[in-house]
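Chains here go by letter, A, B and C, matching the order in which they are written, and residues are numbered from 1 within each.
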Amino acid sequence: MLAVRAEDLWYSYGEGWALKGVTLEIPEGEVAAVVGPNGSGKTTFAKHLIGLLKPTRGRVLVYGEDTKGLSVAELSRRVGFVFQNPNHQIFSETVYDEVAFGPRNLGFDGARVEELVKSSLRLMGLEGKEGERPYMLSMGERERLAIASVLAMDPRLLILDEPTIGQDRSTMSRIIEVVRRLKGEGRTVLLISHDIDLVYECSDYVFVFKEGEVIGEGEVAEVLSNPELVAEASLSLPKLVELSRLLGLDRVPSSVEDVVEVLLNEARRIREEELANP
Amino acid sequence: MKLVGYVKRNSPIHRLDPRAKLLMTASIVALSLLFPSPIHQLALLSSIILLSFLAKVHRDFLPRFKTLSGMVIAAFFLWSLFYRYSLFSASEGSEVLFSYGPITLDTFGLVYGLGMALRILVMIGAPLLLIMTTTMGELAGALVKLGVPYKAAFTFGLSVRLVPSLADEMVTIKEAQSARGLELDKGGLISRVKGYIPILIPLMLRAFELSDRMSVAMGLKGFGSGKRTSYRRFELERRDVVALVLSALVLILAVLVKVGVL
Amino acid sequence: MVDLVISVEGLSCRYSGKEFELRVDGLEVKRGEFVLITGPSGSGKSTLAYCLSGLIPHYIRNARMLGRVSICGMDTSRTPIHELSKRVGFILQNPEAQIFGMTVEEDLAFGLENLGMPYDEMKRRVEETLNLMGMRELRDLDTSSLSGGMKQKLVIASVLIMRPGVLILDEPLANLDPKETGGILSILYSLKRVGKTVVVIERRLGELSPLVDRVVALKDGRVVADLDPRSFFEDEGLINELNVVPPKVVEVAYELRRRGLKLEPFPLSERELVRSVVGG
């Protein structure tokens, strides 16, 4: 089943084209990422998936249905969109109410709302804070709150727009954990980010955007270790890829552990050489 | 995405001193008020349209009238048919064309209605043309030179600059909350108003935060610490003086005609 | 004689109604140093920056400050803010809140107008700054239409035009994409090259580490470390305590250390890592 299918999607805000003929597919259960510089159309594209924008030309299908005929509220039953800045959505008196806002809007009954709120808070490491005032939370906690608020709507497709802006380590690891967990449950995640290391670590498949077009796509390790493509998109190579190039590896490492193994082997090999030839 | 704003062009109108433009706009508006007849309004309207061509902004300016057309047509009907209920009593010598219950249409009403409808176009068109040909900075500067205290003019200019930013923020907030299932166009009046709370609260908080930071930042840049100089140069050139004098002259003549001296 | 640009003695700062207290004593910054202040959110980084720039006590009313902060020998509580602004340039977190002109050119002149500078001098400085920052084609642009990265650049330019000797920047890299980040970093590199004293508050450590002479780490309102970058990153416990994300290289180095590999010197870049492990 395809979570997302875009067919020759063109979008204009009025002057010029923000999206030019974007055609892509995201199968269910995948963690996909959209990378590219600011202004390349990443967020514009993602907004189509929840119906906030409707195509000027072409069409977008979410779980097989054309978004043109669906309202944002209807699509929000299946698609969760976490916006970049949590301060754009926090308004409630308590953390509980803030997280409950989404599921209540969807019309879930009290018991279900409570269950969803509790589990979302737990997932994002905010359990015990139900009664606190959202504006008293630190920036990192607010980001987690924003994600919890959307998770509580039980989305099949979760879209995260630049989730690591706060650079809080505990928040980042939670996010990575949640992404892995959602994937384990068969859900789909779309990550919009220019944190290339996060994308490298978390996602399976990546789409590279530039000036409204998809200039490259593929498995993360392959695409992000292609220096020409990365440079064209004004991005930098993931650090693990840079390391592997310096080490002269032909296989691209997928994680810190991977690189560590290679380095340890190298060190061992050199020591053995030194012992053999003093 | 500009609703109403400065349109950058290289035209004689753009180059005019903003004080001259302010006075010209004021004159046009004053003339429109002094002379309600549709012929005078049409003359003023034609001048405005002509100026828009001179300013090379006609392509942005004229479509605005299309947007106003609904309001203008409504005004025409309202005034023509119901003018009797306003401060006027029916003019003598006006021929009744049609009557049905409280609605009466006579020749005076027709003319009056037309005049009022055209006046709307003039009263909105003149300031609009001013805004399209003068940057907010120039306007604020002109106000200062005309004696408005600096801080007031500056605050005015600043709030204008912030409108697009806050508007963008509001759009983003609306989108974020809609994505959480908030439906703003459903339900009765009360639930709709309640629906705006999740939008207004974050917006107000952002606005407070922004203004707080701005006042701090202004202080850091020495605002209000003493005498101020101006980077913007205002010198009246010959063409500005001509425009100013002409506007003033036309205005004075018009008042004299109205009052009956001439 | 060493030129002390910033000196903090017995500083204690509290916000009314809140428990938090910032306590810093004996912090000194020498001329030309590039200092990074980092720490978890709520640790007092911004508060310290406000105290260093004079915002506290002059502008932030609900903050109570004790102790002495000197900038270029001037006591911040006793010197009027417009005098301080000539020595210290402070760039706040949100560029949106620091742009006052309608156009780029006007915004650059704003601070100079406030100082009552004569027209010719202003004109000269504006042209100079536009050239230096590579912003000549942008001079007439509407400030509300600028991108985030451009706004950040404009804010820095509008502070630099006042020619301060010290620059304090609060999270200058926030929300910027890699290209925009590169743009701001090259400005920071130039500042260092011309010998300006720079204090940056940041949580993004990777990009800045090559520039930084010193890292001052704050936690719960206290300075928990004041080290050179290498010693700073070498301390894994400290990094964990600060809840900051270390550069990937450093993460790899930690894991290698755990597996028994000795790394001397502790690597800060990919090349250094490879060299420390593989040698030569």
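The definition used in the following text is that a residue touches a chain if its C-beta (ideal position, glycine included) is under 8 Å from a C-beta of that chain, and two chains touch if they have at least 3 such contacts.
Predicted model only: the values in this text are computed from it and were never measured.
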**Request:** Report the topology of the inter-chain touch graph, choosing from line, ring, star, complete and other.
**Result:** complete
**Asked** Which of the two pairs, B-C or A-B, is linked by more C-beta contacts?
**Response** B-C
**Fill in**
In whole angstrom, the CA-centroid distance of subunit A from subunit C equals 30
**Prompt:** Between subunit A and subunit B, what's the gap in Å when you average each chain's C-alpha atoms?
**Reply:** 45
**Asked** Out of subunit C, which residues touch more than one other chain, so two or more?
**Response** none
**Message:** Touching residues of subunit B toward subunit A in the complex: what are they?
**Reply:** 1, 169, 172-173, 175-183, 197-198, 201-202, 205-206
**Message:** Please output the residues of subunit B touching subunit C within their complex, sorted ascending.
**Reply:** 6, 8, 135-137, 157-158, 161-162, 164-165, 210, 213-233
**Prompt:** Which positions of subunit C touch subunit B when the two form their complex?
**Reply:** 53, 55, 58-60, 80-82, 85, 90, 92, 94, 96-103, 105-106, 109-119, 122-123, 126, 140, 142-145, 158, 162
**Message:** Could you list, by residue number, the parts of subunit C that touch subunit A in their complex?
**Reply:** 40-42, 147-149, 174-180, 203-204, 206, 240, 243-245, 247-249, 251-252, 255-256, 259, 261, 270-271, 273-274, 277-279
**Complete:** The subunit A residues in contact with subunit B across the complex are 13-14, 47, 50, 52, 71-73, 76-77, 79-81, 83, 85, 87-91, 101-102, 105-106, 135, 149-150, 153
